[in-house]
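What follows is a set of structures for review.
The same subunit A turns up in both complexes below, where it pairs with subunit B and then with subunit C.
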Partner chain A sequence: MKPVSITAMALACLLGAAQVALANQITPISSRDWQQDQLVQYRWKADSVPPDWMQRAINGAAADSNRSRRSKAARLGQRDGSDSWVAYAAELPTTAAIAYASRNAPETFKVWLRTHGHVFDWGVLRWCQFFDSAPNGCFDARTAALHEFGHVQGLGHTSVGPPDSIMYTTSLQKPKAGYDQRDFGACDVAALQTRYELLTASTAVSTCLSLGTSLSFAASATSFVTGGSVTFTAGLKIADGVAHTRLAGDPLSGRTVLLQRRPVGGTTWTTHGQMQTAAAEGSYRLAVSPDGTYEWRAFFAAPANEGLKGSGSAVIRVTRQTGSGSCQSGCVS
Partner chain B sequence: MIGRRGLGWLMPVALALAASCAGLPEAASWPRVAADDAEGLPPIARLLLPGAVVAGELGSFAYREAYSDTPWPDARGLTPVSVPAGRPQLTFALPPGNHFVRWTATFAAADDPSAEMLVPLADGSGDAREQTRVNSPPAGEWVVQLHLTFADSDGDATYYWRVAVP
Partner chain C sequence: MIAVFVVPRRERPAGGVGKVRSRAPKEHHIPRPGTRPPAILLARRLGPTTVLLLMAAVAFAVSPLPSGAGPAVTPADCLVVASPSGEEHGFAGTSMTVEAVLSRRGEQIGRRLEVRTQRGTSISVALASDSFVGEPRGGRVLYAQRSPTGGSEIRALSLDSGCNARLMELQDVVRSVLESPADGSLFVHTVVGAERHDGGVTRINPAAGSAEQVVPPFVPAADFGRVYATQLAWAADGQTLAVQSCGAESCVTRLLAPDGNLLTYDTPHGAYVGLTDDTLIAFAADHGRPAELLAIDRRTGIARVVADEVFEAELSTAGPPSLLIETPAGRHEVLP
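What follows is the complex of A and B.
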């Protein structure tokens, strides 16, 4: 091994912490939006129609974009006669590029992919899909097209490589890690979610985000008689104060929200049960038959697989009525 | 069409200043390069050295709704730049009036054609600025990559220099 390579390896080891510092950066995104869930279709440019293997790769990338956007970012699809187009061409607007895109959201976009066999100063461009058995050094056309569709969505480049972002600054060749990634990375999805909101209230929030949450909490009654029941309801949403204002206040469904209780004056919470998802988005409920007077709250623990912070609700005291005294407001039996 | 080779006679540009000018050049005295005026291209970052201002080779960029994607460049296509001995830091700058808010510098051996062993050099973010200073790589022949995210959400660009460090 050459000394210079040894030096580089040593530095790579020593500077590992710096690589960690590159993580968790939201991919930058243009402020020019498509409409939420806008269907944006493309045609093959008339004088630059891709060969079948490239068309399959491009359409596959459009499907990858639609599947992995996890947001209301634009939906992409191929349809003849569309205003937007994709070209497979020897000439691109910049000579060093293997792929290029431009956009005029929310109207149209253009994507170019360089022709297989094009000669650059670094060598000959080879698309992996051209081969039955792709050689090292080829570029995955489907990944390159997904990267371009990321640009179509407005995403810029990031120094965070795959798998956290497919919008890496440098086009990757086989067999580099991530050269054939089929999904937007977590930090790409984070950008799309902050720009276009979650696809549904149940969509997982990107782990590249760290959003505060808030829990509202109510009880059907604040006192009861022995044998009576109380129904607790909670509402989980992204906190109003988060920096990504487009997501602020959005409801969160399908999460694990716990109903907890403690003795009056106590400090330790005990989980009574998991609240069930109610009909309204972000709503949860659970009916209980308390055996005494307790303080209750709803609790949402930060999930390991989502970019959400945990939260706890306000506390409600529910009192058991004893004797035959008249029941005050909110009393159930 | 705007291309790597098309700008080859200008980029990288190494403009020798007066021999007595040992410090960094004054921003106001910086020469312009044609790429600064090229429509649709981002501003070209420079490596500032004593007596020389070296324009970077433009790689991938996302700039004002135009997006260009390139692989790691062949070091043989880059103009060699020698860092004077005893200079522990490299200064990168945009032309006056252009600002960035985030930067990442990495490097790989010049004989590593696809940057298999890419090494972080520095990264940072903060208020909009025209230049940043990073530690120089160790002695050797390197390709240094600089990725800048521009201020005002104008996009980003990647630049390359072939640097020899004594």
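What follows is the complex of A and C.
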């Protein structure tokens, strides 16, 4: 990452504008996909088997990828006999890297980690995991492997540095901040989510995104008699018109959806209660016993920890029936 | 006669890179053998106080063959001159491998150069990790390794006889060596000092005993980062030298024309593939593979994409230039 970018990013965070700033920094991603949730396994390349400490780092990175992908990106794991492989080698397809990846999705990938002790023009490569007490200047092999697994997933390089991306072009040496990052950054996850969709409907949307949402809203009745109840249901989803079409219309579960009301003709909404998650993905419901005629809506406030915009539903008026006259259509008691 | 001599350490000049920068053509003083004493030549170019020229009484420091090896060799056996065409005529049956030597814990503690000569001799050369081994060419392999004095020595290993001769010694660390197919002079890239700054490329003509810096040290821009590797390669004409310095993000390629003119290409690009009369072929700035393959106009520095999603690429200049590329769709040929 360029120092200027780091400074700009830090300032944006301080100003509370991190989400906006990051929204334009989604890690680039290849158009060649693995299948959603595809299990892609790798073996150790026969003539380039990593030493134990490096194997642990690589397998740890695969676990990091699986845990932090927050999408249906490929799942990675080590298994002998697999077509994909990871090598620990002195020679890589490029002379200018400590690690390298080549992917041929959705079939196979190859990853190389350079040997500890290899000499570049600038000096000697040291992996932190080689040491009992890692010295400054070493590279974290697990972070480097996670970076390469990011390439395997299709992620390209970015000028956004840690913690927002692990796909920063230049690997960081101890003790620089982020040299040992264990997760994909928010902007890496954003790319994976736009390509592979959310892992589940309740998976948090990356803060590197800023997606519109939409709320459908319905009432079990539009009128009631005193003492009756009305059940409101809402459906929260990513808006159909978002730029990342693969996410468009995806349901959003487990969010905070509020049921609000206002007097007829009023302008101020009052929260009546939080709607509860229903069985169907993205569905919420709440049964209420109104004490009068109100206009109702569902409301979703933009969460601070997700890249989602807030939204409000259409308004439904639910009228209290008075007197003993026959109930109109939709009336409950 | 090939002299064993020492090329002294150089100072780092200031400099920078531009879009496509051209250094004005200048006269190169490549002396003919015997026109001036080599010591004077070096003194004129490198400064008399720093030059140490060892016109060794012996032309070679010839290492003995392993015990039990094939026929005895003489220093003359090492006089295998690179063929102008660079072809390997007459050296069938030879082989060469370079492998990293790892400790039990997986640390690279050296390299091993294994050669099987035409005479059937197997030779193993232990090298430090910080060493260079070139491609076999003209019946010999050039390699460089750290010398006991802290600098580097460049040696030639004959694929015919197995004779192993020290050609020269430099006080800086030699990272790569490329032999001129035209006159056998050596283009040597070095790094300098404890910080291992780029030392540029020096042309050394062992026959004439001359040394001259022909490509200045690469001074990366602030956002380039450290130089990971430097590659030397000849254009198909064998006249233009490509010097590619690569950082973690991208590379800068400098082209040294026969007249000494130096053009710098810093249009973002990655690994060097080849050079035609019109274009520099390189991968896009290195983001792993597959990657775009670029053709950078040598006049303007403007890059265009030749092919997407390329795993491997090889430039053929046997006829009209063509590129053999490997993509997810398979191997096929494209025009640069």
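By our rule, the second predicted complex is superposed on the first by the 309 of 333 C-alpha atoms of A that agree within 3 Å, B and C clash if a C-alpha of one lies under 4 Å from a C-alpha of the other, contacts with A are read in each partner's own complex, and residues count from 1 in each chain.
FYI, contacts are C-beta pairs under 8 Å (C-beta built on N, C-alpha and C of every residue); 3 or more make two chains touch, one makes a residue touch a chain.
Just so you know, these numbers come straight off a predicted model, no measurement behind them.
In the superposition on chain A, no contact is made by A:Ala243 with either subunit B or subunit C.
Once the two complexes are overlaid on the shared chain, A:Asn104 sits against subunit B and subunit C alike.
By the document's definition of touching, of the two partners only subunit C reaches A:Phe130; subunit B does not. Once the two complexes are laid over each other on the shared chain, residue contacts for A:Ala90 go to subunit C alone; subunit B is not touched. Once chain A of one complex is fitted onto chain A of the other, the partner contacts of A:Thr170 extend to both subunit B and subunit C. In the overlay built on the shared chain, the residue A:Trp53 is in contact with subunit C alone; subunit B does not reach it.
Ranking subunit B and subunit C by residues of subunit A touched puts B first.
Applying the stated contact rule after C-alpha superposition, one finds that A:His116 touches subunit C and leaves subunit B untouched. Contact with both subunit B and subunit C is seen for A:His157 once the two complexes are overlaid on the shared chain.
Of the two partner chains placed by the overlay, subunit B and subunit C both lie in contact with A:Arg32. Once both structures are placed on chain A, subunit A residues 2, 32, 91, 93-97, 100-104, 121-123, 148, 151, 156-157, 169-171 are touched by subunit B and, in the other complex, by subunit C. The part of subunit A that touches subunit C in the complex is made up of residues 2, 32, 50-51, 53-54, 88-91, 93-97, 100-104, 115-124, 130, 148, 151, 156-157, 169-171. Residue ranges of subunit C in contact with subunit A, taken from their complex: 99-100, 102, 105-109, 111, 129-130, 175, 191, 196, 198, 223, 225-231, 245-249, 251, 270-271, 285-290, 309, 311, 328.
Within the complex, the subunit A residues that touch subunit B are 2-5, 7-9, 11-12, 15, 18-19, 21-22, 28, 30-32, 91-105, 121-123, 137, 139, 144, 147-148, 151, 155-157, 159, 169-173, 176.
On the side of subunit B, the complex with subunit A involves touching residues 1-6, 40-41, 58-62, 65-74, 76-77, 104, 106, 108-109, 111-120, 122-123, 137-141, 145, 147, 149, 153, 155-156, 158.
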